[in-house]
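Two complexes come next, and they have one chain in common, chain A, joined by chain B in the first and chain C in the second.
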Partner chain A sequence: MTAVALTQRTARFRPARALRLEIKHNPGVWVLPLLAAVFYFNAFRTAAGYPPTWTLRAAVITGPNLIFFTVIAAGISAWVATREGRRKTGDLLATTARAAWPRQLTVLAATVFWMVLAYLAGVAVIYGMTAFQATWGGPPWWPVAAGAVGVAAACAVGFTCGTLLPGRFTAPVVAVAVFAAWFIGVNAANSVWDVPNASSARGSPALLVATNGGRPQDVAVGVFYHAAPDVSIAQVMFMGGVLLVMVALPALLPAARVGGARRSSFAARRRWLTVVAAVGIAAGVAASATAFSLAGTARLSAVTGWGIPALHDAADDQPIPYTPDCAGGAFAVCAHPAFAPYLGAISAALQPAVAEVVGLPGVPARAEMTTGDTLPAVAGTTSVYQYSPKLEGVGGESFWVTPAMARAAAWEQGTQQDFITWFVSGPSAQEAPGPTPAQEAVAIALLAKLGAPVPPGYPQFSQPASQSGSSGMSSGSATQPTATAAQITAAATSFQSLSSAARHSWLAANIVGLRSGAVTLAMIP
Partner chain B sequence: MNIELTDVTRTFGRNKAVDGVSLAVGPGVFGLLGPNGAGKTSLLRMLATVLPPSSGTLRLLDRDPGRAGARTEIRRRLGYLPQSLGYYPSFTVAEFVEYFALLKEMPAHQVPKAVATAVERVELGPRAKARLRTLSGGMLRRVGIAQAIVNDPDLLLLDEPTAGLDPEQRVAFRSLIRDLGQQATVVVSTHLVEDVGAACTEVALMAEGKVVFRGTPGELTARGEGHEVGDSALERGYSAVLAAARKQVHA
Partner chain C sequence: MTAVRTPPVPPAAPAVPAPPSQRLAAGARLTSLNLRSRRVPTALLALFLCAGALRAVQHWHLMNGGVLAQQGPMVIEAGAAAMVAMTTHSPFGEAERATGRWLPYLRLASALALTGIAIGALQLGVTGTSLPGGVLLLARNVIGVTGIGLLAALFTGGLLAWIGPIGYLGLAEYALNEAWRNPWTWPARPPADRGAWICAAIVFAAGLTAVTLRGPRTSLSD
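Here is the complex of A and B:
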């Protein structure tokens, strides 16, 4: 061996070429069809059923979809990590110049490549679909980063388990363990949502895992206000920390570094490797611990969702300026541009309802979408009908549907129920003590003219039919005598049978009294 | 000397697999003979830096494999074919050899040519793109030899290299290791004395963990004169030395 030849041999490992080989032969490819099926049934269909707003669609990315991806990723990584043991290449590999840890990192990187690629492909499909449908805003990237780092971390967890505990059953055990960890974490995370109102919600480290089944608390999240990325940032920190620890850990364990030749004390630690691993573990623990403690300080805001004070950008608390999109003629219907695809359906539902009451005191001149959680307090004193996408109204319809579904009769009727009950009763229709029997009868009559059924929120009508006609249930109003569904229905039928002009004339004279509760069932013609 | 062992011992629990072996081997083809359990594989694994000796001194390529940096340098110049070759079935012949060329930290620009040369030398050129799972046992053995020689090693350790090879391939293999032995130290551990006779310039016979004979194949043959066990002169020499060693141990 000449000196020149010795010098030539000092050239270092070319990870790119080795990585290409590992990627080509990684069993991660085998599970791509499974991941595609999981994505389709679990994420794609859920996202496709959501309104086409970016933040809502992004919520799917870190929802149950991430759980199933990470379970599969951890399992396949554990399987890959046991390759050297299963294939009995330990002796052969132990005699190569390349240290075991960098060699195994290449194998892990190939697995991460396929798993993260599959995950990002799913994100691309959801975001691509949303790009064609959304009319406002842009894609949030922090949830994508949290998901990608989560998948990579799951790969590292599985790989490290497979490296340290090589065996035929390691992969399934790791997959089950990761699923169990998610199950416990998600249950704990969901419990933090179980609060009567936002102000009483307190943060928890459980927020670091997927929350609320991938469904945000309201349909308008990220529309009127920015969705604070604080939790996603903390998730990236936490899972990034887990990733670092799991990647670095095997480097400190001689048994793992010799790739199967476990009895070899030739695996004595290389100083640089030990230092790199120790720094990696320290950084990982610090990142995860920081995220853990930050999540505990989170506070739930009604407008921006979970915020972490240390990570929060105050600018996120300001409303996002927008110019409403409007449709319709004499009665204009306006919506936030993010909900522009619904404008036609809203207008089509409201125009005939408004026509039934046009000219009466308090009839609004237009409809506007608001950020509010409640409808305006006093109907009739405003010339604007305000509706909120956050509310599931009297009709039970909400914006948790696609624009196509909003064109269905049920959604249209629900929208009309919301409008008519608001016009006749005001917000009392949704709150105790609820509408009076007279308000119910008039609303039912007006809705019947529109072809819409009795609003589901009316207490007498929500009982079984055998009881509703004779039980003498209270109407819920403290100021009026009780009435049964049969009595209310009879009054509604009578009112509906009036001519349009007679009905309109009676309403013009009595609508104010009707709203105030002064009109009784017996007074309805 | 590429191999220097001084009173090297390797134990597994109470079993002393290698017992006080001292050897100094330079370039050439060195045959390691012995019955099952003689300690050949354990000795070879120590030479391959898989196992450290339990006691004694081991120097390879003028370096101490006990030191991490020196061990890496040794491994860059080492080729090893284990007795039981593990492999990845989905890899092709060329990919498997290339994988080990990369792990042996060969200069990147030399890898493609080195892989092609190694595959050709074991006469697997036409099957270079075949997946390993499709190969016969003999072909897999040749793949193992190809990965061992891909880095043109200064120290080549072959444990039962001709197992599974047909006669024609064994002849070709002997020619190959004679060629390699011109520059490098080639240690061939085998049961097949005819391989030793045909290819080795020097031979050691191990029994009960000790080296009980060291010399040329001709000298081993000479030890068999008058001995009746064995079909060839070399086999008779092998049997005679082994019988004498056993007698000595039992005495």
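Here is the complex of A and C:
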């Protein structure tokens, strides 16, 4: 090989080789154990505690997981950016043939590589776990894109800050500033979500940030209807814009040329680089500003969540067809296939409860899972017991628990409390005062036969003073006098002491009157 | 080669101790140089900036409501603790270690003083506002997280010591969200909780002792 050939070969710019070298020596790899620990304690444990539905689990990766990854990514990028100043190689590098910006860009790209790789590894763990547990649906990819772009943008923010202000304290200040900015955004996002109903919710740029903990409002989000990806698209636009601005900014600013290179940067001489950087900044600002304003136009739908009209696909508003999974024999219990892991627990809870009232007027033939806030049809008017994963009944059980926790006695008893209360209460279960004292007494007696305690949702029993059974006045209803918890308990005990046949025959004769509120506490045998 | 007669070496003059005023001035200069080499003046500025940020957060209710009211100030407290830990870095490295016999004392005094100043500055920043947990929680958080930063400096060096406090912050935020009761996650415990105070004090004492005796890790690449 001749000297000329060697010179020609080495003069060629080889960004792939430079990037490979930077990736090999980047300190980002040393923070991977820390990221793994933070991921385990924040994202993994949170996701593992959620029901195994894809959209819920995906909410974790843009919630706390993204916050901690961006904080550490910004800090470590700022640290990396100060490398040339720290090692006092500014003068040495100023004499090289390459402009400072491409060199710095290679360092940034290597840091982004490690941070995004770590983030995607975390996503892979959560999605892998969900793939084993979920029984319906598939992974949403827009949140993954939003997270990856967010981590890259945080790297770029940290890197630009470190390049412009190469000091000892730059890295922690940037990390803490990113953390604080996230929390200020979370505070604003919490206030956006804190609305009584969907109609009163108004869009806000705060939607670009997850709420505290990142937990969605609806446990069935993305199950009956598609979860609209509009907000995730806006997040990608916003963070992509920030990324573009931060990458292009150092190419424009003379101060960004580190150390001794300030007087002789190629960046200043290369007009095309300046033009490209200016265009990049303009495009980035436009993308971020557009996303910011689009988020302000968002509207909350009760079924699909937040939607941005300009980005919304009307197909997302249509319900997703599904075939329910059912269990049980004579009394079939059906659930959405996404909640199939809970089916065993629901069926195990409802079968004995239905057996307790079988043969009475209005006993349902099956149980079905419904969607949204729609109240179930009143007992006696339907042959289907409808239950919603979104609504929390008097039993207090919730679908926010994992399938393993749903198999616990307390959860099954909550399901029984909901069913028995629905069965004996009629319309009053859905009205303001709640069940009448007579209905409560009968329900308590039936639940006692099942081994379930008094439902925590009964007002007389939920007051602290009523624990002794001496006080806790019933709020009463239009047709019934008030009663204390003690009186209700006494009536329930009396009714429970009847033989099964006597209890059954009394219920057969009076269940319609009991549901309508015509039966009072004194009429219970 | 010719023999050269070397003149006899005169006996060394007996060492005359410097007068106390000169020794005091030398000590003050040594301390001043030490603090400046550790960027302590910049750290003080950063601490007061943290205090200002905490004041702004409390005044404008930028992070309030539920757990966030406690999580938000903790981020700034951890930032202040990270600043203290980062002042342990010396630009002179091994050469200074080999010659400076007063270094351990300077490291101890510097870390203690800066921790105290951090607590004082942050408390000054929130005077007149309702900081959740009050000064007790603030002091415990700063003390404990500074200890983590000092311990981190042993492994990462002073310049990367902020990694420790930020990493612990990740754990503590989760502990606050989940209402953990473990005293090692002291930010989630009540202000007067004895176990949390003991844990925070142990971590601080361990970090302080280690940094005093051993100093932060030094690396040629720093």
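Keep in mind that, in the parts below, the second predicted complex is superposed on the first by the 485 of 525 C-alpha atoms of A that agree within 3 Å, B and C clash if a C-alpha of one lies under 4 Å from a C-alpha of the other, contacts with A are read in each partner's own complex, and residues count from 1 in each chain.
One rule holds for everything that comes next: a residue touches a chain if its C-beta (ideal position, glycine included) is under 8 Å from a C-beta of that chain, and two chains touch if they have at least 3 such contacts.
Keep in mind it's a predicted model, so treat the numbers as computed, not measured.
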Touching partner for A:Ala283 - first (chain B), second (chain C), both, neither: neither
Touched partner set for A:Ala518, first chain B, second chain C, both or neither: neither
Contacts of A:Ala18 with chain B and chain C, given as first, second, both or neither: first
Partner chain in contact with A:Arg103 - chain B first, chain C second, else both or neither: first
First, second, both or neither for A:Ala121, with chain B first and chain C second: neither
Chain B versus chain C as contact partner of A:Leu32, first or second or both or neither: neither
Which superposed partner A:Thr95 touches (first chain B, second chain C, both, neither): first
First, second, both or neither for A:Val186, with chain B first and chain C second: second
Which of chain B and chain C A:Arg87 touches, first, second, both or neither: both
On chain A, positions contacted by chain B and by chain C: 87
Chain B partner contacts - residues on chain A that touch it in the complex: 1, 8-14, 17-18, 21, 24-25, 83-84, 87-99, 103, 261, 263-266, 268-270
Contacting residues of chain C [partner chain A, same complex]: 39, 42-43, 46, 50, 53, 57, 61-68, 71-72, 75-76, 78-79, 82-83, 86, 89, 159-160, 162-163, 165-167, 169-171, 173-174, 177, 221-222
Contact set on chain B toward chain A in their complex: 45, 48-52, 61, 65-66, 68, 71-73, 75-78, 80, 82, 84-91, 95, 98-100, 102-108, 110-111, 147, 154
Chain A to chain C touching residues, read off their complex: 27, 31, 34, 37-38, 41-42, 45-46, 64, 68, 71-72, 75, 79, 86-87, 167-169, 171-173, 175-176, 179-180, 183-184, 186-187, 190-191, 212-213
